[in-house]
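Pasting a structure below so you can have a look.
Per-chain residue numbering starts at 1, and chain names A, B and C are given in the order in which the chains are listed.
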């Protein structure tokens, strides 16, 4: 047993393993294992269409999760991304469907809504000092109500693929004479790279990490903690807006008010599985992407093995509990 | 030693009820290491806080590089070149070494942070200091010693001219201390002025050029280290008149049984192989300087923190204590040094706090017997002369001394025979202090056994029947009160 | 004003509680004015229907908030209990009395799970209870194969459970709730359980160092909360009859809002059962009033969100002032 333990430690200290990060390797293995498991259990799973559908699920969860990652790193959280995403997509879609706005205008409004609620969340957390989960719980409620009120409780349809303005769907998926090309992945990758840069190579990211690691030390080092803490929530709002667009473009033909609650857990779960800590200071955007794949594989794969949506909830819940518990244990060890 | 770089003259500072600094002088020259010494609460930290602008002085002057200055916050002081390397490090563990050093003033290249340049600059700093730290390592992965080197590097990168070390060696290993001293000597050779706060007498002799001693917020004197002995410094530190009568002999009868025996207790760095005995009716004083491991010993004994090894015997019987529950079951009560955090529940009433440990005894059927609870509380309010308008008063509204009495009541209601008083009179005014002393003597006379942790020499000499002295997690002396002197205790407390 | 606050009768009733009752009455007249008619017995009955189950949820979560935690699983747990028990009754033919007990058992079991996760495993309560919210939703739909649970309608066989909500127009549900509220108030203020729960919320470490098993008592708060969510399920089916899977999370927010409005502090240590009940009345009236005024019910989400934010903000401000 002793030898085994040493070997393990040796593996963790291997320079290559260290550079990539042990947890990330474990998550990649988990994704592969998960995919293999579904493939073995269900022949129907082994199809190109399944890959496309996994990606479809991954887009909006990825965007939400990127944003939430920044909030988690700052030592906070954002519960409003799920209902927020729907609310912003409703607002933008309503303008397109009923007010004759061009699609790009609707998309801008969707993102602008996200930014506004990001500012609101940031102000409540950084300036009013509300606990992040309560502040964002409140905006979760507000966006949920606002979404229905704006559209009069009706579902909103963004333009269909063939309709005028349907081009925005091709941003995520090009369908050409039956061939499907999931180009959305390029967009997601673009933002993953961009936000990795922001996190690691700009003051915004640097100070968000610093605040999550030791807020008082950051303040004493002359960092404007209010500004940069707010920035984390604004980023999260922006990405919730993007998630709204992705949701409208790929996942659903129409966006229904009153939905979206619970989706934030997919995002938070993805981020935590990807190695972002609940206690702040550490996390990575790429890790989050990997974590999201764990979640979206589950969402896509479970129906193939005969487990419907209801089982997904149970399994999401269990996965979340395990992920947080690992995070708690990790922190306990270092503390 | 070069010319004078910093002079503090006649610094005076009062807080409500405390005269913290009474006309203190300090002079630091370029190229010297100047020790600042004194017992706990002598005013060393306060003086440094006045210097770096955390506190504003009431009177006196600070002259720095030939002109009078007054800093309003640590940042101003830092910009002028005066930097403190704190005992508790102010680091962001999730960032790398270089990122920590340059936080708030990152190098930019094309809109992005230039981590490479920061690493290079850090490497330059480290090679200047002759230390080997990878600037791209995460701060949290370094040992405390290395983290401290980073703080020093950060100070130097701010072009510091005066660096204050606040007990830098407390958490370091021997090898790390060697390395630290090497750096300090280098800095001295570079004509920096260095203030070195420490309790370790041997270090003072090794590394410093001059020693300024403070006592009770006042300036005692400045010596040239080479020309004085350890005893000279100790005499200056403790040479105070004890106004209250010290105990001259133990009040414990010869044949009093041993109620508590602790053998080879180990818990982390701060409790190393501690053994002692406590007898019935005895007040056992635990003396030592800040960070000697006395509170940690008490908490490990009480089960509040996990211990690695060690046996505990109560009335000769071996007991297992893994949690405060076990300790309380075995009749041990602990009165924490930090009352507000660990002693009382501030938002609750005197009665609720008094019965906290023994609530089960006050349950009749399903309900708490409020009358019985109030009666018991009243009994101890009278007995301890707690000043409270009623048993339903919230303890947050009581004074420090009366809050302490509520904590005492909690353990008396539980009928604990062994009481650990951790700094029983901290933050308590003079009148209430003597009441607490009186109470402890009374309890001991009744046959309760008391462990009293105290950083006040007068308190130790006035109250204890026997004194255990600790230094850096180890018991360094056990002195009967009849033979105890301030010098002896201080000697054992600074043994390293 | 200070004098008024210090009048013995005011002190006894609690100044904040009096304000809340005034708010309640004011709201009634405002809604009457806004809807152009006096809110009649129909509206009141509507409001009371909601009070019946929301009340139990809010009572339960009061205990959890008192420890300084939060429970987002109560609504889905209630729905889950209703679904499971309904299927046991209708499909498996269990006797009604046993099925009602099962409601409570299911709720209590979820409470045990939450208690273990938070108190013994040390997970942050808000996120772990969100996970158990997913579990509750999932378990409920799995057990019923995503079908509605149709409890017997009024007048049908085995419908006496409805009498727990109304009996010939008499609001038995309200009486039921008030009785349980009184028991909760006694539990919170007169027993060891309540004493320790409140003290843990106020200063956990001081309680632990007094030799109290804080984990046990904290877990118990979640068990009490779950049990009350189970009881809520009984009145919920009494009102709704037909339980749909996948619902329930909106009730969490209403229950939590009722608590904080009633003066229970999110920071823990301070809780008021009376305040919670008044909070429930206000939230329920709000819902009915919004509908009576012809607004979409979704406004309630927004108003609830704002109320919670303001209540917690006020709580933070006042506790900072005390320090």
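The rule is simple: a contact is a pair of C-beta atoms (placed from the backbone, for glycine too) under 8 Å apart; a residue touches a chain by one contact, two chains touch by 3 or more.
Not measured: the values here are computed from a predicted model.
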Distance-maximising chain from chain C - centres being C-alpha averages: B
Chain pair with more C-beta contacts, A-B versus B-C: B-C
For chain A paired with chain C, centre-to-centre distance based on mean C-alpha positions, whole Å: 31
Centroid spacing, where centroids are CA-atom means, of chain B and chain C in whole angstrom: 47
Centroid distance [mean C-alpha coordinates] between chain B and chain A, Å: 46
Complex interface listing, chain C residues touching chain B: 186, 190-192, 195-196, 198-199, 202-203, 205-213, 269-270, 322
Chain A-touching residues of chain B, taken from the complex the two chains share: 74-75, 90-95, 99, 103-106, 111-113, 115, 140
Contacting residues of chain C [partner chain A, same complex]: 70, 117, 121-124, 126-128, 130-135, 137-142, 146, 245-246, 249-250, 253, 266, 296, 298-306, 308-309, 312-313, 316
Partner chain C, residues of chain B touching it in the complex: 302, 304, 323-325, 327-329, 334, 336, 341-348, 352, 356-357, 359-360, 363, 366-368, 370, 396, 410, 414
Chain B contact footprint on chain A (complex, rising order): 197, 200-203, 206, 209-210, 212-214, 216-218, 220-223, 281-282, 334
